[in-house]
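Multiple structures are listed underneath, in structure tokens.
In what comes next, chain A is part of two complexes: it sits with chain B in the first one and with chain C in the second one.
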Partner chain A sequence: MSTLELEIERNAFLSTLYKAQGVVDKKSTVNVLSHLLIEPSSDGLKLTGTDYDVVLEAALDARILHGGLACVNGKSLFDVMKSLDAPTVHLKVLDTHWIEVKAGRSKFKLAGINPTDFPEIRSPDEVVWFGIPHGTIKDLIEKTAFSVSGDETRMNLNGVFFKLDPSEEGRATLTMVSTDGHRLSKVETTVEVGGYDGQPYQAIIHKKGVQEMRRLLEDDVEHIEVGFARGYILFRSRGTTFTVRQIEDTYPDYERVIPPDPDSRIVANRAEMIAAIRRIAVLTSSKTSILKMELADGGMAFTTSNPDYGEGRDEIDVTYGGEPITIGFNYVYLLDVLNVLRSEMVTLSCNDAFSPTVITSDDEPGARFVVMPMRI
Partner chain B sequence: MWRHRLRKIIHVDMDAFFASVEQLDQPELRGRAVVVGGDPKGRGVVAAASYEARRFGIRSAMPCGEAARRCASAVFVRPRMERYREVSQQIRAIFESVTTLVEPLSLDEAYLDVTQNSLEEALAGRVAIHLKRRIRDEVGLTASAGVGPNKLIAKIASDLEKPDGLVIIPPERVLSFVSSLPVERLWGVGPATAKRLHEMGLRQAGDVAERSVEDLVNRFGNQGRTLHALSRGIDERPVHNHREPKSRGSETTFEGDVTSEARLSLELGRLAEDVSRRLGRLGRAGRTVTLKVRYSDFTTITRSRTLRAPTQDGATIARAAQELLTTATEAGERPIRLMGVNVSSLDQDDTPIQLQLPFKEMAPY
Partner chain C sequence: MSGRRPVAVLPDVLANQIAAGEVVERPASVVKELVENALDAEATRVFVDVEEGGKRLVRVVDDGHGMSREDATLALERHATSKVRTADDLGAIATLGFRGEALPSIASVSRFRLVTRITDEDAATEISVDHGAVESVRDAGAPVGTKIEVRDLFDSVPARLKFLKRTATEMSHINGYITASALGYPHVHFKLTHNGRTSQDLPPAPSLKHRIHQVLGGRVTDHLWEVWLDEPIQIRGFISEPTFTRTNQSGVHTFVNGRAVKDRVINHAVVSSYGNLLERGRYPYAVLYVHVPPDTVDVNVHPAKAEVRFLERGLVHEAIVGACRTTLASTPWAERGTPFYAPQGASGSSSAVTLRDSAFSDRSAVAAAAAPVSSVAPELEVDTLTPAGKPRFFSRMKVLGQADKTYLVCEGADGLHVIDQHAAHERVGYERIKSGYCTSRLAKQQLLLPLQLDLTAREDAAARAHGALIERLGFDFEPFGGTTWQVMAVPAVLAAANVERLLRDVVAELAELGTTTVAEARMDLLFSTMACHSVIRAGDALNEQEIRALLESMDDADLGANCPHGRPVSVTIPFTDLARRLHRT
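Entry: the complex of A and B
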């Protein structure tokens, strides 16, 4: 039996292992899904991990001293690699499938399992790849990831809806939408997409894939490659590929819950609003997270009244000329939106205490956030 | 432990309520045997029967087919819950004009604590007469009332001279009144407890009263203590002026046993919408969705699932119920006779409800 033996640069290995941490199962150490498969490839090393919703495949530079396979717990390998301070690491598979790690004067033996137990990964065929600017995809994901539903009875909402549509001059309009039934985020932007064939594409990206995506986005690269395939959507950057299962369901008709032109528009300073909400949130009930937003001529006040804790009130100046109105909100929903916007001022549009409120910003025209009030 | 404060409790029970409302609204039904319930050709049951129908032996919960056989001339009417609720509200308003301590048990029954009352009437019997008269004059229906020093006595008394009855049990007559009652009449005594009491040779409340508390507790646990008190006509349960509903549900018995999963899903959607409407009327939301399934052989199972947040939404309720149907029942394999959906763990009255985005197609499956 051949036993894998190799040398690898510690920092590069660590950064790849970091990207794999979301994919490996950390709850169990014996479960094969908590393990990473290490195998030699044409240009170095290939690392594979999966939790069945997401597959990570990473190519790395390494000096293969002896061919073979290894299968080791992804979290222990990451933790050990993180603790090392030598620039180069020496890995060698032992007879028991365990793996010996040597770096400088440190030496570890990590428990491993038989690589043949690792599930066979079937790569999707016929992937259509596009290059999307890093900043664009990062913005789309940051503005939508927070409002994905965690309710597993609503499978189609357990992911971010993503679509590409042809726009003028060979460019593409990218749209991402997420909703948990209480709130909805929609971001739309038109950009130059590398290799775009002018066809419409769409997918519901499983929320786990969205989380893994964010790890890729920490890379300092110009483009992220996005691939569409039957049943999957793929993300690739610097030799690391995440293959994410699509949620094969229909996404709800989100346009119908975005109110077209509400009665009253309120312009508020975003930072002031966040500060006031945070102060009042101190006294809100942890069960409902409700606060009341009172609007009157020229002013917006946040209030809370809780028989167990006490009361609070905070005011900010806003442009509002309508009738006085009080709307209940889950303050977390408001903060989530205000925190992903970047402009100084934000615009709130609301009709009444029972209808969707829309939050937008003039500087970020493609983004619309809809928040349903709480009935007080 | 004896409470010195003497209470005056009235139990008001509307006479054949649903059927009487139908006779009130449709004069041509007056004097006729009226059965409110399902289709006599189907498998629905009797929800209410007018006194004319009861003379034929027609009773609540009897299959409608059976009722039709007993009285060929009976008029079968589908229930109109909206209307009954409306009339019930009218009656409740009359009660509440007399005392704030009104505890409705259902649409047609309520306890009233009239120890203090707005009529400033010391005699509870006169308050009962006043209530009965107002219900007749203002609503057009008759009610039976029982008056006593506690709920147990008032409730048993209201049942003694139906319809349009009034039975007053003054405190000094309580013991003799209770003693002669069969044990089945005591609150909390169902067929199982009654059987065990009978086996001990205890048939009337007076027989139970003669046993010691210790003896009863040894045999019946905590219920023994309650039995002992009730058998002596002692009942300290207060009248709660708002009875907290614990759940809202809806169920249906099929015309024929159903095996088709598509049909079951469809029915589930309807039941969930119905429960959603009921919760809406209550202004409450609940977290626990319970599915009840009765197979053709009458084996009945219930399965529950607790959601992350309270809901009132029909589609959400349907989704949870559908999941239970698919994963926790033998739907599709064993024929199903009855199916019910219930939502419990209701939030507090003043708990704010997170409103849902108005998606149309968030329908179940």
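Entry: the complex of A and C
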């Protein structure tokens, strides 16, 4: 029986193990899913982990001293690696499938399981890869991930809708949309995409996958590679690949619910607005998070009234010339939007207290956020 | 050609045997049919003797008005009944039996003997029938009333015989039925013997309370509290305090216009009136009499007549919930001063009703079908319960201290009270959050992407009929063509919930019960979670001021029995118990 034995550089190993932490499901009832499979590859080491929705595969440089397989709990391996201070780590699989970890004067034996128990991972065939600028994909995801639905009966809303469309001069227009039925975020941008073939592509990326691939965004790289395959969407950076199940459903017609040209436009200072909302939020009910936004000539006020806690009112200056109106909001929905925008000033557009309010910023032209008001 | 059989009208005997399959399912159904007849004949004594769980013999003897010979002979023909003459009568049935199926059906599957006499005739009539064939009709000597013997039930119908359960099982059904009848007719003397041994003997009770005591025993009746409602429908009866429960619904006895029924709407109403006062998986005891005008209830739903159908299910449901909640809200058990049952004569204040005056037993009142319900005047004595109003129960107690930083130990008039501080505070917090919500409940989150639901035709009809109720719950729910509906807004507190499933449950419940509690139950759950996280916990040390304040707020929160998660808030150790355990008596 051959047993795996290898030497690996601690920092590189640690950073890969970190990316795997979301995938090794600590709470899974299937024990093997909290484990990582370690196997030699042509140029080093391959690490695999899965929670069925997302598969992580990572290639690493390592010196293989003896071939074989290992399967070890991903969390404990990460925790041990984090605690070590030696530059190089020596791993050796023992007869019991346990794994001996030696680094400097530290020595651990980690409980492992039989590698043949690890589920077989089938890689999607015919992946079309593109290189998308790191900053672009990061911006798209940050501005949409927060409004994905958690309601599992509305499967098609449980992910971020992502599409690529051809634009002029061989560039591509990327669109990312998310909605939970109460609010919607849409970001659109046109960029140079590496390897783009001019064809339209689209997918609903499962929210779990969105969460995991954000770990890739912490890498300091110029491009993130994004792959489209039947049933899957893939993200790759520095040898680590996340294969994410697509939600195979139709995404709602989001353009229809974005009001085209609202009557009133209010321009407000983003930081002032955030501060005022936060102050008033102190006195809102934790379950409903309702506050009222009162608009009058030149001013915007946030108020709350709660029989348990009391009342509050906070005003900021805005440009507004319409009739006074009062709109109810879940303040969390407003803060979520204001927090992902970066410009100094934001624009709110609305028709009345019952129709969707749109939030935009002149500095971030592709981004539109729609928030449905509360009826109070 | 294979034998194609010509259609033929069934001979009467066979038709009766088939009907017997519906009407007479088991010996208990024979008992039920015969006892119902006796009660319809205004008997004041109904004696039932059975042998071998009724398989060998069921004998019912009553002192009712009996039948003339002519009527008796006719009664053994199918659909012969003195109780319904025309189809219009069916719309307002005030008697227990009415289908005219029972006697011939029973007689067709047994050896049957009927002896009956009316006051006007000197001789009684005796009729013997052997499996549907009349053997003899002759004179006999007997007192006024009717005696019916049913022997060897089903021995000619092996298919049915095979399905009869053990004697003990059959007896439990028979006992259950006699119990139910006895609760419905307190003034009637019921007696049941099995193989010559007395199983139940219930002499006429001067009041419903006494009958309940006779039937359910003192242990149960000590924990029952009166329910009373006159409008829009009349409801009388008793329900148990929230901590006195059992694991199934068999402690719930309900009567509609005197008829013992197992009705989903009523049972659901009783249980849901407790809301989260009940521990999970526990059910209360209840003896509840619902009076509705006979033309608003259909009892002709099932041959065995155990089910009824109300014209206005929602109204009945709401009335029961309201009546029970009024009782629960007054928390009479907290005082414990007035035991539910005081032996008659001991208290001079109670005006015992005479036997035939009780609204629940007086068949003339039931028979006054055409009269509006309110004219069926309640004659039951009013129990001397604590008047509704703010009870000062907890705050009146003397605080002895805190034990294990978890329990508050207090001295009341009758014993030591040990209060779970977390459960108590949670209960208080829950009431506060809930009332706070009720003032702001109209806040709705509008949906950017409306949700479409395909309903069944029945659900669609229910949604249309109860649109106002659904809106009151905070949903904007509109028809969207066909039986598809669209959700435009949801209650703000439930915005994060699984709206589709919740609304489906709401609509299904509306279709089934005519009213709905699932949405409120969902909100209750939410409030109790919020309450749980905002209050003191076990292990928090409290000083006397804090304990006082908690006790006072416990009195302010109206329902004091269980924490919103269903754990009891307090236990009482009566001084009598202490005395006994310390051998002072």
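One rule holds for everything that comes next: the second predicted complex is superposed on the first by the 373 of 376 C-alpha atoms of A that agree within 3 Å, B and C clash if a C-alpha of one lies under 4 Å from a C-alpha of the other, contacts with A are read in each partner's own complex, and residues count from 1 in each chain.
Here, a residue touches a chain if its C-beta (ideal position, glycine included) is under 8 Å from a C-beta of that chain, and two chains touch if they have at least 3 such contacts.
Note that this is a predicted model, so its numbers are computed, not measured.
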Chain C versus chain B on the shared chain A, clash or fit after superposition: clash
Touching partner for A:Asp308 - first (chain B), second (chain C), both, neither: second
Touched partner set for A:Gly321, first chain B, second chain C, both or neither: neither
Partner chain in contact with A:Pro260 - chain B first, chain C second, else both or neither: neither
First, second, both or neither for A:Ile290, with chain B first and chain C second: both
Set of chain A residues, in rising order, touched by both chain B and chain C: 150-151, 153-154, 179, 181-184, 252, 257, 287-288, 290, 328, 330, 354, 356, 370, 372-376
Chain B to chain A touching residues, read off their complex: 307-308, 316, 319-320, 323, 351-362
Chain C-touching residues of chain A, taken from the complex the two chains share: 150-154, 157, 179, 181-184, 252, 257, 285-288, 290, 306-308, 328, 330, 354, 356, 370, 372-376
Chain A contact footprint on chain C (complex, rising order): 432-433, 436-437, 439-440, 442-449, 451, 489, 492-493, 495-496, 498-501, 526, 530
Interfacial residue positions of chain A with respect to chain B in the complex: 150-151, 153-154, 179, 181-184, 250, 252-254, 256-257, 287-288, 290, 328, 330, 354, 356, 370, 372-376
